[in-house]
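Shared between the two complexes below is subunit A, which pairs with subunit B and subunit C, respectively.
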Partner chain A sequence: MNRLRRLLAENAVVLLFAALIAAAIPLSGAPPLYLLQEVLTRLGRNAVLVLSLLLPVMAGMGLNFGMVLGAMAGQIGLILVTDWAIVGLPGLTLAAMLATPVAVLLGWLCGAVLNRAKGREMVTGYILGFFVNGLYQLVVLYAMGSLIPMLNPELVLSRGYGVRNVINLTGVRQVLDRLVPARIGGIQLPVFTYALIAAMCLFVVWFRRTKLGQDMRAVGQDRAVADAAGIPVERTRILAIVLSTLLACYGQIVFLQNLGTLNTYNSHEQAGMFSIAALLIGGASVTRASIPNVLVGVVLFHLLFIVSPTAGKNLVGSAQLGEYFRQFVSYGVIAVALVLYAWRKQAGEQQARAALRGPGVGT
Partner chain B sequence: MSRTRRRAFLRAALLAGAVVLGAWLARTGRAHTLFLDNAAVTLGGQEHPAPGAVEVSLDGGKPEVLEQAERAMRQVVGPVHRLAIEVRQGPGGPRRVEREIRLPFGWDAAVVSLPAALAGAPAGAVVTRWQPPPPEDAPAEQMIQQKDADVLPQR
Partner chain C sequence: MSGARRLLAEFGLPRVIIALFLLGLFAAAPLVGVSLAASLSDTVVRFGMNGILVLALVPMIQSGCGLNFGLPLGVLAGLLGATLSIEIGLTGPGGFAAAAGISLGFAALFGLGYGVLLNRVKGGEMMIATYVGFASVMFMCMAWLVLPYRSPTMIWGFGGEGLRTTISVEGFWLRVLDDFLSVRIGEEFRFPTGLLLAFGAAAALVWGFFRLRVGTAMTAAGQNPVYARAAGVDVDRMRTLSVVLSTMLGALGILAFQQSFGFIQLYQGPFYMAFPAVAAILIGGASVSRASLVHVLVGTFLFQGILTMTPSVINSVVKADMSDVVRVIVSNGMILYALTRRPAEGR
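Right, the complex of A and B next:
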C-alpha cells in the first residue's frame, strides 16, 4: 500500500496531466490520426530543446532558465545564413557552426554568473535571460545592417538597419524533417530529426558515464563533498551550463527549421518556459530529470496544447478559453514544481534538525 | 612536443578545419536566381539572334521550352551547374549544346544568355550579373500648410 502511495505521489503530475488529456480529447473531437501526426511532429520539433535541460539538473543547478541564451545564439546563426542565402542542409549546418561560439560564450557568461549566485540559480538564470535579451535586441535591432553588413535588403527594416520582425526561413524550412522522408499509414515521420534526437539522448547517456559526467553528479549531490574530493566545482558547473546552452542553441535551430518562420524579437522568449513546463509535466523535478521525463513531457504537454483550444471551444463556446488554459498550465506547473521543491527542501532540513536534537527533545 | 603545445596545436587545427568546413558549406549551399534569357545579344560587335523555340534544362532537370525573346527564372544552389540547350528550329537547324556555368559567391542573381551560349561565347559573356532596376523616384511628400484658424472650430 505504501509502495503504491509513493508511486502515485512520485508520478502525481504525469497522472494528473494524463487524466486531463484523457478528458479533453473526446471533448475536442479531434480525429486520432490528426492527434498522432501533430504529436509526432511536435516531438521532433521540441525534444532537443527539452533535452538541453538535463545536464544542469544533474549538476544540481536546477532548471536552466538561461537556456534562452542558447536559443538567441541559434537565431543569430539562422539570421546570418538567411541573409547570405545559404540554403538546405549546408545552410542549417553553417547556422549551427556560426551559432556555436556565440552559445559557448553566452553559456560561459551564464555559468560564471550562476557560480556567484549559488542556491538561487533558477531566478538568476531567468533574469539573466532578460538581460541578454536586451543585448540580443541591441545587436539585431541596431548593429545588424549598420555595424554588421546585411546583404539581403528584404531582411532589413526600411530605415536601413535592423532586422525585420519576421524572417521567412524558406531556404532551410523542414530540411532535417524531409531529409529522410517516411510515411506510415498516412502519418508523416521526420526520421532524420528522430535520429538526431536519439543521438542526443545517447550523448546524454554516454556523458553521464564520463569523468566529467560523474563529476557533475557529485557536484549536484553535494558541492562541499565534491570540493573536498578534488573536483573543480565551479568549472564543472560552468561546463554544465555551457553544454546546456549549446544544446539549447541546436534545439532552437531544429525547432525553427520545422516551423519555417523566425519571429526575430520573440521566438526565443517562450523557449525556456515551454521546455521547462514540458520537462516538469513529464515527471521531472528541480533535482531529478531523465530522458523518459523529456519524451513523456513533450508528448503530454503538446497533446494538451493541441486539444485544449478545441476542447475549450466545444465546452464553453470559446477557443480563447483553451488558450488561457494552456498558458495557465505551463506557468502553473512551473510554480507548483518550485513550491514542491521548496517545501520538500524545508521538510528535509526540519527532519535533519530533528534528528540532530535526538529522540528525547520535545517530548 | 609538450602536452600544452600539442593541445594548442590540436585546437588550432580544429579551428582551421571548422573555418574550411564553414567556407565549403557556404559555397555549396549558396542559392542563386538564374534568368535564362532567349533574347538576341551583341558580342564584340557581332549580333547573335535568338533562335526560335529552345528546350533548356539545368543540371539534368525537367526541360522547359522558351520561345524567342522569352525569359525563365530558376532557383539553383551551388556554384557550378550544367546547362543543356536544345534548339528545335532556327538558322543553324536542330542542335544540342551543353555548357558548364559557374556562379560567383557574391551574385544573388545572374542572367544566362542562351544565344551567347549557343554561339560558344566565353563564360563572361554567357553569364552576367543581374542588377535590379533602380527604384523609381517617388515624388517628395507634399506638406500642406494650414492655418490653425482653418482647422480649429470657430468659437
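Right, the complex of A and C next:
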C-alpha cells in the first residue's frame, strides 16, 4: 500500500497529464490510427533534443535553457548545406560536421558564463539564449549574403543579403527517417531515426559510467565535496554544457530534417521551451531526469499538442482557445516544476537549520 | 587610482560604453540628416512612457526578490483596468483615473498571491517569476477570448471571438497625461509635461516610501535577511509588500505607456514586457540586489535613447534596419552582465 502511494506520488505529473490527455482524445475526435502515426513521427523528431537536457541536470546545473545555442548551431549548418545544394545523407552529415565546431564553441561559452553565475544557472542560460539569438540574427540576417557569400539567390532576401524567413529543406528532408523504410499496417516508422535515438540513449547510459560521468554526478551532488575530492568542478560543468549543446545541435538537425522546413528566425526559440516542457511533463525535475522521462514526456507533450486545438474547438467552439490552453500548460508546467524544486530545497534548508539547532527545538 | 579611473569603476564599463554610444548617435544624427530636435523629443516621450514600468522593479530588487521578470502580472492588471474602464464607457481624465483605480485593485490582489508564492521559493525567484508571468499571460489570453465584454470598440465585428488584439484608446483617454500642460518648443520638440509629472510623482512616492520606517525595513530585509530578522523585521512580510508594490507600479506603468502609445495590446502583448524594463534599470547601474532612483532615471534615458536613435541613425548609415538586433544584443547583454557579476562586485 505504502509502495503504491509512493509510486503514485513520484509519478503525479505524468499521471495528471495522462488523465488530461485521456479526457481530451475523445473530445478531439481524432482517429486512433492518425494519433499513433503522429506520435510515432514526433517521437523520432523530438527525442534527441530532449535527451540533450539530461547531462546538465546530472551536473547539478538544472534545466539547460541555453540549449537553444546548440539549436542555432545546427541551423547554421543546415542553411549552409542547403545553400551549397548538397543533398541527401551526405548533406545532412556535412551540416552536422559544420555545426559541430560552432556548437562546441557556443557550449564552451555558455559553460564559462554559467560558471560565473552559480546558483542561478537557469535564468542566466535563458538570457544567454536571447543574447546569442541577437548574434545569430546579426550573422544570418546581415552577414550571410554580404560577408559570407551565398550561392543560391533563392535563399537570400530580395534586398540582396540576409537569409529568408522560411527555408525549404527539400534536399535533406526526411533523409534519416526514410533511410530504412518500414510500414506496419499503414503506419510509417522512421526506423533509422529510432536507431539513432537508441544509440544516443546508450551513449548517455555509457557516459554516466565513465570517469567523467561519475565526476559530473559528484559535482551535481555537492560542489564543495567534489572539489575536495580533487574533481575539477568548473571544467566538469563546462564539459556537461558543451556535450549538451552538441546533442542539442544534432537534435535540432534531426528535428528539422523531419519537419522539412526551417523557420530561420523562430525554429530555435521554440526548441528550448518545448523540449524543457516535454521533459518536465515526462516526470523529470530540476535535479533528476532520466531516459524514461524523455520518452514518456515527448509522447505526452505531443499528444497534448495534437489534440488540444481540436478538443478546444469541440468543447467551447474555439480552436484558438485550445491553442492558448496548450501554451498555458507548457509554460505552467515549467513554472510548477521550478516552484516544486525551490519549495523542496527551501524545506530541506529549514530542516537542516532545525537539525543544527539541536534536539528539542522545532523537531 | 586616478579620478577618471575611479569614475569609470564606479559608473561601470558597460554603462560608459553605452553612454558614449548614445552620445555618438546624437552627435551623428545631424550628419546623416536626422533631426536632433525630433529625436530628443521622441527620447523624452519614451523616457516618460517607460519610466514607471522601470520604477516598478525597484521595490523587489531592494527587498531581495531580484529582478522582477514577473512584471507581466502587473501589466495584466493594468490591461484589466484599461479594458474595464472602456467597457463602462468612461472617457477623458475620469476614464483614465477609473482605469488606474481598477488596475490597482487587481494588481494588489495579483501581487499578494505572487508575493506569497515567491516567499516559498527563495533563491529561485527570477526563473519562476519569468514562467509565472508567461503562464499568466497565456491564461489571460484565454480570458480575453471568453470574458463577456460588450463595448463595440473592443470586440471583433463580425464572426470574431473575444476582444481585439489591439484596442485604440482614442476617444477615451489618448494622451491625457502627455498633453497636460504640454509645451511646444520650436517646430519639432514637444515636452510632455503631464507624463513627466506623473513619472516624477511616482518616483517621489517610491523615494519617500524608502525613507519611511517600513521602507528601511524592506531594504534591510533585502541586504541581510538574518540581521533584519534579528532586528525584529518580518522578512517575509516585507518581501510580500515589495511584490505588491512592484505589481501595482507595473499596472500604473502600462497605463501611462498606453495613453501615450494610443493602443492597448492584449493577448501576447505583455509577454516580453519585463525584459526592456529590466535591461533599462541594469543599464542605469542597478545590480540584482541593489537599485535606486538614479539607476531608474539614468537607465531609462540611456536605454530609450538607444532605442530611439538606432533605427534613425544606424539605419541611415549602414542602410539596413539593424535596430532590432542592436536592441536584443544590448538589453540581453546587460542582463547577462548583471547576472554574472560576482557578489562582491554587485555591492
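List of remarks:
Here is the rule we use: the second predicted complex is superposed on the first by the 356 of 363 C-alpha atoms of A that agree within 3 Å, B and C clash if a C-alpha of one lies under 4 Å from a C-alpha of the other, contacts with A are read in each partner's own complex, and residues count from 1 in each chain.
The rule is short, and it goes like this: contacts are C-beta pairs under 8 Å (C-beta built on N, C-alpha and C of every residue); 3 or more make two chains touch, one makes a residue touch a chain.
Note that the structure is a prediction, hence the values are computed from the model and not measured.
Of the two partner chains placed by superposition, only subunit B is touched by A:G171; subunit C is not.
In the superposed model, A:A85 lies in contact with subunit B only, and not with subunit C. Of the two partner chains, neither subunit B nor subunit C is touched by A:A198.
Contacts of A:L135 after superposition on the shared chain: subunit C is touched, whereas subunit B is not. Note on subunit A: of its two partners subunit C and subunit B, the one contacting more of its residues is C.
In the superposed pair of complexes, A:G332 makes contact with subunit C only, with no contact to subunit B. In the superposition on chain A, A:T93 makes contact with subunit B only, while subunit C stays out of contact range. Legend: residue contacts after superposition of the two complexes on their common chain; A:K345 is shown touching subunit C, with no touch to subunit B.
On subunit A, the surface touched by subunit B in one complex and the surface touched by subunit C in the other have no residue in common. Touching subunit A in their complex are the following residues of subunit C: 69, 117, 120-124, 126-128, 130-132, 134-135, 138-139, 141-142, 145-146, 161, 275, 320, 322, 324-325, 328-329, 332-333, 335-336, 339-340, 342.
Per the touch definition, subunit A reaches subunit C in the complex via residues 113, 116-117, 119-120, 122-124, 126-128, 130-131, 133-135, 137-138, 141-142, 316, 318, 320-321, 324-325, 327-328, 331-332, 334-335, 338-339, 341-343, 345-346. The touching residues of subunit B, when paired with subunit A in their complex, are 18, 21-22, 25-26, 28-32, 77, 108.
Taken together, the subunit A residues at the contact with subunit B in this complex read 81, 84-91, 93-94, 97-98, 151-152, 171.
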